[in-house]
């Protein structure tokens, strides 16, 4: 499949939802509406772009972008798809059901940029500790300016930080990871750590 | 959503107690001799059988991308060394290639040859480390020292070229900073000659050993669909039977001038991944030989301004590192600092396929399978 | 009191004490460990009776085989390994009664002695003697036990066998 | 005690080593009462054996480090003590003894403390029957081989105690593996030894050595049981490797999987006891193999008849015994630094489905051969 064909098909299928499309060096550059990112991705996946090279989040100060770099192992055309989403509530649909690799990339985008992926099977922080406050790759992120001690499994500080930031947090479903160590009766908790 | 996001454990997995009395949870790592760094695997075991596995990463996170946004384009080069510290040349290469693509600069031919020579030697060195540590994982201690002996020689070569043994920072945007020293060609030839004699030695200790074969064959199978779905790359993808190598399939630089094969497995088990790397060492040696024979004299640096200010735009550029597709995604806004700087690290993506490989394995296999992915935590955690 | 008698009482006390620990220990692994040492004490008693073959086999089979298997099973079921278990249950009266009757019976038997087992002159080596007896006088019980073991093994293999996938 | 007058195997019966008897007589001659002299003699023998274990283990540790180093194109310890770092093990030993004794909070203190003692005591107890040379043994038991087999099966008890009491999941896994391994390998080990016992017709170690003493053509050790019982020897040696948790069967302590397995929580002197016991066990299995298959203290060349009485013959026997035993130990080290580790299920497979049938076949053929020999040549 040629890059031009891809562009034509996507334009024809989604019309206004896909803005500014062009082809450079065999790569299709597309910008899509964040609300329809999943449909566009599904269409591209169906066209044979079965390989998601990279998924990155970008903070443009007035909006967020989720950038998908797609390619195929059968033809040389590549796609560089940017999905925009508003800055105050960055939220797109997860594509983890199309490409399994998106799972970790989306977790990273959530972790570092705070973009939410609806329908993600397991949206947790991945690189930062569970009890980290804020999303450091945002352009307006200011660090605390001092060393913040974090507990290995984050249970102590998590409660405090959530209280401080007023994030309502239902207790159900939030199980501290430390309990995972308790498979062997009480005294074993943390024994293998 | 937020509540779930903050949960320490994935949904649907009740980690307080096993479903049956036999189940037990074991944390492998972050301090464990076989996690190759600070990786934590939460294993759900039934006796020795692995029922589930959840990798926890980030213990080595040092805001590489945030640092990148606050440095100018040249200052980033030494930082990239610290990503995959076992194959620093490739990090340099991938980053430099991305910036060159943004600026539209083409490095001179001799610089390209130098990059290929250094890169392929680095691939051999990286695979050697992998082979040695994989031997440790399997319980074969001797191969480790053999591999390190040869790796030392490569590091000596690199030291003679760049003055560094691990973090070279030797690539420049637009070319290379220094030419090879006079002694390099002889030393490199001598090394290749020696190295080819050592490969059968590795085979005798590892490849042909029946215990080793039994340990790795049919273990940790990753199907073709999974390998593509998880976007695995490098030896992991090729081990699963997909003959996909960026040097062949999306040739960059001057790779179309060399003759080499892309080894691939057929079953996607640990053995296939082992054999792919084992054979790749030979192919890399072949490439270095050809490049040493062909290398033309001439300039090693293209004309680039003192202050690098690429025009606004974005680029995703990739190279085939020893671990797979190493990509750099850079957005420039025309200032001396990149606006967004993202690393697509192959080990990060390959590691995400680990749970798929581990289903139904034993604890001992977990070590072998993890070893076969060839992870470097510096690159995963960034 | 001869040295042998001193040893006998020491070993007997040791064995009984550890046997009591097996019954009374709250922790099931500790009970199993006590069982091991109790078996060792028993082996010592066998030695005092010149039954050296029996002593060695006692250690080999009961300690090296059966108790290890027991411990293996306990460790596999990680839930009970770390917990205290209830030692007494509602049947304690009944079992106490059984124990008392057993003690009386055994005591009576020991007082009467075992006339059938009149003291024979000690043989220099009892291993060949045991072998001979097993192959001649007691061949039938020996074979019966073997068949029983075989049946048990077949049953175990059948139970443990996974369904063909 | 209706049979109080009978002999008591471990105390009186069995032929005591002449050397031990001489020692006890010497002590009695110094005016000690009988029982006390015996106790003092036993203590002295114990001290000698413990001393031997300590020195030999330290030597073996140093030796293993040198062997592994030379296999791996390294040099190994070179500094401590001067010549090739001969004092390295002593330095390590002193360090281990001086280290803090750490007991995990969640450990079962009593069992945790007992476990290394059990492991070391069983290793020590097996030395009772080792015939180092003519007369150089602690006790020449009638059930010698059986004694070794039953005592060595106790080691795993200590390992399980250690693994469980540490209250660490890795050590529990190690203990479980160890239990599974012990059960799988005890059986082929016993069956492989039975062939020798059938040929010799005795469980007594001295009898087994004497059986192998004659020479073909005056020098060739054709009566060494290793020739006729080669299969038995190989099965025994494989099972013995598993018995002392050596690579390729070191899965109970596999450091790349279980960190250190059952002794992951042990440090200082308690760890030293596990360590010593491992090397002591290596020596024991090699010594048993030498006794049963390689002619014991009899050298491959002439027995040097002119030396036979007295100390010189004993030392000559000791020399040959140790030479052969340390050669087997060298083979064990060689294997360790060459082979990869088996997986648990492969280990089980090897034990139950390969070694055991081979051992049984060996047993059957040996029996058949003995009967045919009787039939054809008469007894």
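All chains are identified by letter, namely A, B, C and D, in their written order; residue positions are counted from 1 within each chain.
Definition applied: a contact is a pair of C-beta atoms (placed from the backbone, for glycine too) under 8 Å apart; a residue touches a chain by one contact, two chains touch by 3 or more.
Here the structure is a predicted model, which means the values were calculated and not measured.
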From subunit B, the most remote chain by mean C-alpha position: C
Chain pair showing more contacts of the two, B-D and A-B: A-B
Centroid spacing, where centroids are CA-atom means, of subunit B and subunit D in whole angstrom: 46
Where subunit A and subunit B are represented by their mean Cα positions, the distance between them in whole Å: 23
For subunit A paired with subunit C, centre-to-centre distance based on mean C-alpha positions, whole Å: 63
Distance from the mean Cα position of subunit D to that of subunit C, given in whole angstrom: 27
Multi-partner residues of subunit B (at least 2 other chains): 23-26, 47
Residue numbers of subunit D (touch at least two other chains): 167, 169-170, 172, 176
Multi-partner residues of subunit C (each touching 2 or more other chains): 76, 78-79, 81-82
Subunit D contact footprint on subunit C (complex, rising order): 2-5, 7-8, 27, 29-30, 33, 36, 40, 47-50, 52-53, 56-60, 63-65, 67-69, 71-72, 75-76, 78, 81-82, 113, 119, 122, 124-125, 127
In the complex, subunit B residues that touch subunit A: 1-11, 15-18, 23-27, 42, 57-58, 61, 63, 65-66, 69, 226, 228-232, 242, 244, 249-250, 314, 316, 318, 325, 327, 329, 331, 339-340, 342, 344, 348-349, 352-353, 356, 381-382
Residue ranges of subunit D in contact with subunit C within the complex: 1-4, 6-11, 13, 35, 108, 110-111, 114, 141-143, 146-147, 149-151, 153-154, 156-157, 160-161, 163-164, 167, 172, 175-176, 179-180, 182-183, 186, 190, 203
Touch list for subunit A against partner subunit B, complex: 50-54, 56, 58-59, 67, 69, 73, 76, 80, 99-101, 103-104, 110, 112, 116, 118, 121-130, 136-137, 153-155, 158, 162, 167, 169-170, 173-177, 179-184, 192-193
Subunit B to subunit D touching residues, read off their complex: 24-26, 32-34, 47-48, 135-142, 144-146, 149, 205-206, 209, 211-212, 214-215, 362-367
